[in-house]
Structure formats: structure tokens, C-alpha cells
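The letters A, B, C and D name the chains in turn, as written, and every chain counts its residues from 1.
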């Protein structure tokens, strides 16, 4: 028998991503629409343990749809790793009469949520929020589209300098163990070479490719390197290697860093967040639990949290081929 | 029996859209990859008639992936409406030994291409390039995603003023007869009301909604109006009507206009253009003709040009509902 | 004898401008630095009459330096035009123990402040906040630099379309009776012609210039028109006139509108606002009154409010000449 | 007796900066206006030695005013360090009938130009193009304003993440030995601390300041570090030092890198470049030589190249004080 849901709590956890605020807003407004109470939990699992809650009504999320970061903040929580910590969190939720949870974050967030649900059976729904797009069950995670735009705009700027000076640039982008950002932003920025963990090009073939590119008359080059790529130990060692083996190149490195996580979300991410928030609330109201809301074939779809975490978000092999053709 | 394809000509026609240059670049590089010659036709059908051609190799499209507009230019052509004009175009193409055509544009472009193919049987492939997203057979047309970002960024700015002054703004956005831009950008910008041609709200209900919004404590409002919407005769008359009927509101109008068509394409549009260009070239090489390349379920797919033009790109009803919930 | 100042109230009035929030933040923090209390007045003179005040400490202005609009809101106030309204305002200020006022706005705001000071002798300092740059005594008003960037970015986009289609665009920009925005943004956007109220080109010479431009091989043109320009009755009539007299041109109009007033302020405006806020507070503490803080030769300087309002911010004649040379 | 000037050659040298293309365009158009021939020299002094020249007319600089980088490219030239190299350059210029030179770049560029003029007496005029603003004789160098906007936009994004996670970020910005970018962008971004080479805060006082900031309730902090700052050996060592001494802080580093040099120039830089180009050409035509064009008190002014290189562009001490007040 399902317990009727009168109050939903929402939180963000893990690395922040553009669109998280838009998702919070959507959850809150969907609750208001269905006459459900909504509670915001600050600082993820740690705030859950500390009872750091705030009631949220439709007006309280005004003006946040276009803001980066998360108004509910995010934090790592060691305490939540222990049964005692989780018990404390449960007691706080019970005290606040929370009937269900919506977790916005990545696989670490979902894993924590599943462990919690395993013991305490409180209904839970996940919304994938991470710029890395490394979650199974959704074609796009929240923040991914915005990060791609941030990266191509940054590389467009670096290209101005590269082509003014006939330089080779290694640009390291985020993505953890996945090459989604590198591959898509690399194609979008017209990179001459893209290094991703999913495909090992090999140092020798990279050199060959750069030599060929140089001979074909290209005077400058951008190589986009995923942070998870294993070709060299890191992007600075890669630079040294290329400089030693290609004397004629002036090589530079740019690590784009944390600015990739911030910024006002793109329209795509704002709309996706709005759809996901509604879907998460309404799925809970329909009695569903332990699912992640996702975008599949342009429609909202549910994936068991377990699959979302264990499954693999595969790189688009067709795009990998397009990338090769573009750098002919 | 299929004639082998040794030379492909590409042109842009109709209203320009961000991503057209990225598509031209992709077509040219895919031709180079397959050792096919590529010819650029300037100013669409008119340039075809005048033989305004230019051979394009991989280097000739360097540095255009991030540029708005179209390096091949676009133009209206009355001459092409007559059989004599089309005959002249055919002779020019024959003289230049063109074996197949790739047309980048919207439904007017595709209709012209089909009429031409009907008589002259030259293989033809379409790439949907228009910010309006009003083409059947693809979830996204080239330029649509960029236009959405341009619109939400503009409305974010208008919101600064609206909320500083407690004003009501009617913001007219492009989209021809379709409400795609208005609906998506309206949700993305957190608009209080969205008026699209696909759904007739009615003036009385608009007033009611605005009154309710005001009573609920909202001090400012943004109403996004699709240019094709029929609620008032135009957005200025709409303003007058609301001012007459809601004395307490200071109402302003902003028609975003042609800046919506320009700008550097988003990463999404650059990647989509790169994929579409390759698909168009390779489909021609496989002997296909009279199709449009499109994005369906995140994959490349072909749609008969006839269907692309006649079919209707339907508004996302789920998003319409999400929009209502967001403005609770 | 000067009364010691223990509490300063700050307000924004007139049209909002990017940088107003940065100025509010600076006033508040400068008060905190000097151990003075600070009060925010909502909705300008109207809020002053209604006693709509809020104490502000250093933390209360966190995170607003990069926001457009004004967190203190702005409003027109008819009540303040009457002696009764002003008396009411004075009583509210007295009740709140306000010793001095800082007014952020344009000439309307400063005129109101002077009238008030005339009767009630409360020390007052002005900060010029308007995108129009039409205030005497400062080389730059707050928001002007940001608006220039907004305008050139919009025209860059329109240029994509103009040059793709060989069109002539009339782009109307803000600036009230002054041509500062039109002249500077016109030069910055590489406009072929710039129409400003300070210089009457005349319709016949405009046509000549456009014809010459066309003959010299230019295929597209951007004409930037200041909203205060008197050449035609308005920009749409201008379009009609040119179309009637130059058959070969496809002419379009774009009125950029209110988005020019919004957006995150440029670094220049944020820094200028920070400097002006400190200068305003410290000038009051030094016993000065009835001045406007301004930027003169890159330094902070004071101008009597009366001169700021009556004096004329002159157009840069050297730049007008540069503009002519650029369109050779 | 002055030799009449019939042909001017223009080149860019040193690090590229936004606005260089706008300056090239202005030089070319000013030459056209005065019926002077104009020659572009590719790759700075190296191209001068190699005779890598291109005649430029008014149309040849179409559409570059809004592009970052330099269409004339830039390069280091060892050959120019030797008398033989410079003699070769002189012979190439003589062969091409060049009467005068305009050098766009920083102090290295100007020094090279002066050495050259010393021997060969060819009239020379400098335009300051560098994002670092470290040139004496102009309040703003070309590219400086654009770089400030690029930096504050990047830090705004980093702030999203910093405040979502309660983190301390060290953000390293460019500027060579000068703190102009760090100080202005730091104030513009609302940084909690700004470390510049012109002022040695000392590690101990930095820690104190961060502790005070934390105690005052600030949950996140941004410290902007000029690349030329000497407080720690580099920004990563600074991070380690702070982490060791302030256990409670999660510290991150972001090195903004080369994207600071690129991007479409701001309106300010486009207008400044347009003014400087005209002034440089007309100063040569008036018989002047060995000067740099600069902005002083909002007006064009000339400074002897020798002073431009030797003099010091001082940090704005008033702004340093404003910065302290803002972080109260």
C-alpha cells in the first residue's frame, strides 16, 4: 500500500551544474500546482543530517531559473557514509514530515539515495544534474548543454590567439571519465584533434596527425583533451612530449577549469530542467520510486536508479567518425 | 541505373540561420574526405541561374564553423519560378558538371528543389536550416537552438528592467506560423504567459491570467508572443487592449526582430550541422535523392522532401502543460 | 555648522541602468567601512513618501555587483511633485533618522533631489545612473558602457543577416535626446551611416551616401539611428522613404528596445560604480552637499547638481569625424 | 625637410589583443581617406624581413572590426635582433616603396621599432595593443577593456560554483608584471582579496584577511592573483600554503589562461582602435615620428615612443583603496 504524499523535499548534491536552480524551481512549482508542500534541504546529505531545511513556495523560487550554481548549495558528507549519519537524516526527515525525496545530482548522489532508500523505504526520485553527461538513461544531463557552449566560446577565443601566432594549443576540458564534453565541444570548436578516454589514439598517431595537419597547410591547431584521457599522464606532459618531437611548433596549454561548471544555463537546460522537475514530482505522486527522470528520444522517461548508476552512457560513435571527417 | 557522383554543389536559400556555415563546411569536408569535388553556389537559386559558382576545398571553409549568416549568401529568386529560369539553372549546372545538389534552407527552398528535380532528375538532398523549427522530419532545424539562446538572453535583460519598474512586457519573438521559439524560449525565460498560434488563449483569458498573476503578488510580468499568434491583430494592439482594461499596469512592447537570426551558433547547432553535412553527402553517394537529412531520436534520419514540406512539426504538448505549471 | 552624519539613505530613480546595483553595494559597504548606518529606500521618491525603507549592512548587498536592474526598484512618483508629497517624504526620513541622501539616477532624479534639498536642507549627493550618457560633469554615466556592448553585439548579429541577404538595415538605438549611444555603438559596429540628433544630415544627403556606398561595392548596410534623431518622423517612415527612392534595396528596420537597459554590467561599469559609491559617501562625510559624483579625466570629481542637470554633455566631434573616415 | 608620405605600412607584433583588427581597419581606411597607399605586413618584424606584404584597400578590411586576434598575424623574430636582419627588412620596405610604418603592439614592439628608426630614419608611429595595459602614455591599451570583461565573466561563473560549495578559489589572471587586470577585474568581480605585484600583502596578512572574511559569515571567497604577483612562488603553491594553514577551507585554483587574449572586442576597444588608427596616420602625415598614439583624459595624445617604453603605467591607488573598502 502506498502512503499518500503530502510533502516532498528536494536537494542538490555533488558538483553543481547550470540548470540545477531551474530544476529546483520546477519541483517547487509542480508541488504548488498539485497542492503538495515542498521543503528545500540545504547542502545535500549533510544538511539532511543537520535538519537544515526551508519550506519553499512558488514565490520563493522567483528569479532563479537563469542563475548558475544551486541556491540549495551542495556539500560532501562523510557523516552520511555511516549508518548513524543516515539514521540521523531519517529522523530529521521524519520530524519534518517529509514523505518523499527528489535528489538532483550525479551518480554519487544517486548511490547515496539508493542506500538510504534501501533501509528507510522513503520514496525517492532522481534528476540527473552534472555537466559531464555520464549518466545512463538520459541523452542529456542538466548542465551539459550549457557547459558545451561555455567550452566552445572559450576555445573560439583561444583560436583567435592560436591562429594569430601559428601555435598549437592543448585545451583540457572537464568530463571526468567520459569524453562527451571533449568530443562534442571539440567538433563544435572545429578542433584539429580530440583526445577522449573512450578511444586510445596513441602518442605516435597523435604526432603523425599533427604533422599531417601541419603539412596540409594548417598554421595553427587546437587539440581538445578530455580530463579523463589516458594518452599522456597529463596535459602538461603531453605538451612536453610534442615539443620534444615536433621542433617547429610553439605549443601552449590551457586548462579551462571550473568556469565550465558555472554560468547562466542555456535555454535547452532551462527547458529540460523544467520538464524534469514536473516529471519527478508527478512520478512520485503516481507512487513510483527509485527512478531517475531522463530525456529519451526527446521525451521524458524513467530509468531505475540502479541502472542509471551502473549503466554506461556511451560515446556517440557516429560523431567520432564525423569528427575524423571534419579534420580531413 | 545510378550515375556516379563526382561533383556536388551546395547552396543556402531562404532566411539565413546560425549553423548554415557549419553545414557548408561539413558538406565541403565530407566531399574532400570522399574525394568528390565540391562547388559552392552563391545566392541560392538566383546564383544557380547566373552560374555564380566557386570550387570549394577543405581549406576554403576554414574558420567559418563559428560564424553566423552564410558565406554563400542567400537571395530570393523570381526567375527560378519560371521554367525558363530553371532551364537556365540546369544548363549552368551541366556546364559546371554538377552531379548532385545539397540545398540548405526551409520549406520554400525544399519546394523549389523538388520542382527542379521533377524536371531535371538531378539528385538532391536537403538540410533543414531555419530558426523557426517548422520542418517535419527533424526534431531540430539548424539555428533553432541558437535562436532560443539569443531570445532567452534578451528576455533576461528585459526582465531586469521589468522587475525594477514593476512593468508588464509583451515580447514578440520570431517563428513564422509556428510557436516553437515562443514556447521554448518562454519556458526558458520564465515568462508569465506565452501566446502561440497553436493555442488560442483568447483575450479575456489573457486578462484574467494577468490579473491573477498580479494578485498573487507578482510585480512584473513578461508575456512572450509568437509573431504568428492571432490573439490580437499585433503586439502593439495587444498592449493597447491590456492597458485599457488593466489600468494599474505600465505596459511596454519589445519586438526582438532580426538579431534572432544571427550570431555565432551554439555548440548544439555546430555539431548538428557537422553531422547533417556528412549525412547529406554520404546519402547522395549511396544513390539516394529527394530526401531531407534530419535529427530523430538523436540519430541522423532521412525524410522524403515532400513529407518534410507537407508534414507538420507539432508543438510539444507536454511542454505546453509544463509551461502552465511553471506559472502557477 | 555641519550636522554629523550617522545614517545615509540611498535610492534609485528614473530608468534603470546596469551598474545601479554595483553602486548601491558600494554605498552600503562604504557606509559600513565608515561605521555609518545605511538605509535602502525602495521605489525612489514614491518609496520615500511611503516610508518603504530597509536597513542595509555589508552582507545584504552580497552577490548583486553583477546583476542588472536595481534591487531597490525604481518608480515614477506624481505625489513627489506636490509640496504635500515632499513634506510627507521628509517626515518619513526624519522618523527614520536619515541624515543624508544618495540619489542614483538621471536628470529627473537630480532635479527632484534639488527641489527637495531646497526646502528641507538635507544633504544630498547624486550618482549618475543612466545608459544615455546625457549628464554633464562625468565622461561616463553608469550603464552607458554596458549598453554600448549590448548594442554592438546585437548589431553584429543583425550584420550576419544583412550581409547574407544584401540588405539595408535601419537599427534604432536608445539615448533620448542624445546621440552618444548611436555614435559610439555605430562606430563600434562599423555602421555605414549614423544618424544622431546633434547633427542633421538631411534626407537627401543620406540617400546620396547610401547610393555611394552601394556603388563602391558594399552589398549590405547598417544605418544606426538614435531614437532622438529628427531626420525622418521615425525609423519606419525613414525606411519607407528610402525604399521609395532607392528601388534596388531591400530595407529592414530593427528597434533594439528595452534589452539595451538590462544585462550584467561590464567590468567598466562595475568598477565605476564602486568608485562612485565610495566617493559619494565620503563627500557627504566631508560635509559636501548638492553635488554629483562623476568621472573626469579618469578621476573622481564633483559637479554641482545644478550644473549636472543644466549643462550639456557634448558629443565627441573628433569621433564624428573618425566615423566619417571609417565609412570612406 | 620632410619627405612626403605616399605609402604607409602597418603591422602587428607581440602578443595579440582584441582590437588589433579594428586598429588595422582604421589605419587602412584613414589611408584611403587621405589618398595614401597602405600595405599590410604579415607576421610583424619577421614578415618585414621576408617581404611578406599585401596591399590593403578600404574593402580589404571589411568585416574585421569585431574579430579577435590579428589578420596580419604576429610572430617572434630572432632575425630582427641582428643588424643584418634589420638591413634586410629595410631593403624590403624600400623595394615596396614604403614611406612610413605603423606598429601595433606592446613595449617589445616599440623597442624594435625605435632601434630600426635609429638606423634607417623611416618615420614610425606606435599604437599600444596589449591586454596588460602596461604602457605609459595611454590610460587604456587596446584589448585591455575586452580582457577585463572576459575575466569578470569567467569569475562570475566560478563564483556560481564557489558559493554553491563554500569554497575558496584562487583565480590567476594575466597582466605580466602589472596588476591592472587583476585589480580592475578583481573589483569588478567582487573578489574578496586581490594580489598584485605592485603591493606586497604578505602571506600572513592574506591568511588573516581570509580568516576575518570567513568569520564575518562569508561562506565562499574568490582571490584574484596577478600572474606577476610575488607573494607565493606560484598560485598552486599559494593554494597548498593556505590549505595547510586553514584546515576548514576547500581550496581550488583556476588559471584563466589564453582565453583572456581572444574574443570579439568590446565597443570601447573598437572605438578606441578606430580613433587611434586615424590619429596614427594623420600624425605621420603631419611629419611626426617616433611617437605612440594614446588616450589621455579621453582625448587622443602623442607620447614619445621612448617614454612609452621606459615610463611606468602606474596602478590606480584610489581604486586599490576602493577595493579594500568593498571587502569590508
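The working rule: a contact is a pair of C-beta atoms (placed from the backbone, for glycine too) under 8 Å apart; a residue touches a chain by one contact, two chains touch by 3 or more.
What you are looking at is a predicted structure, and each value in this text was computed from that prediction instead of being measured.
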| item | value |
| --- | --- |
| Chain centre separation (subunit A, subunit B; CA means) in Å | 28 |
| Whole-Å separation of chain centres (CA-atom averages), subunit A against subunit C | 40 |
| Intercentroid distance (Cα basis), subunit D paired with subunit A, Å | 36 |
| Interface hub residues of subunit B, defined as touching at least two other chains | 156, 163 |
| Category of the chain touch graph - line, ring, star, complete, other | ring |
| Chains that touch, pairwise | A-B, A-D, B-C, C-D |
| Subunit A residues within the subunit D interface of the complex | 12, 15-16, 18, 67-70, 73-75, 150, 154, 156-161, 163-166, 169, 252-263 |
| Of subunit D, residues touching subunit C in the complex | 25-26, 29-30, 32-33, 58-59, 63, 65-66, 139, 145, 148-149, 151-153, 156, 163, 184-185, 187-190, 216-217, 264, 266-268, 270-271, 274-275, 278, 297-300, 316, 318-319, 321-323, 325-326, 328 |
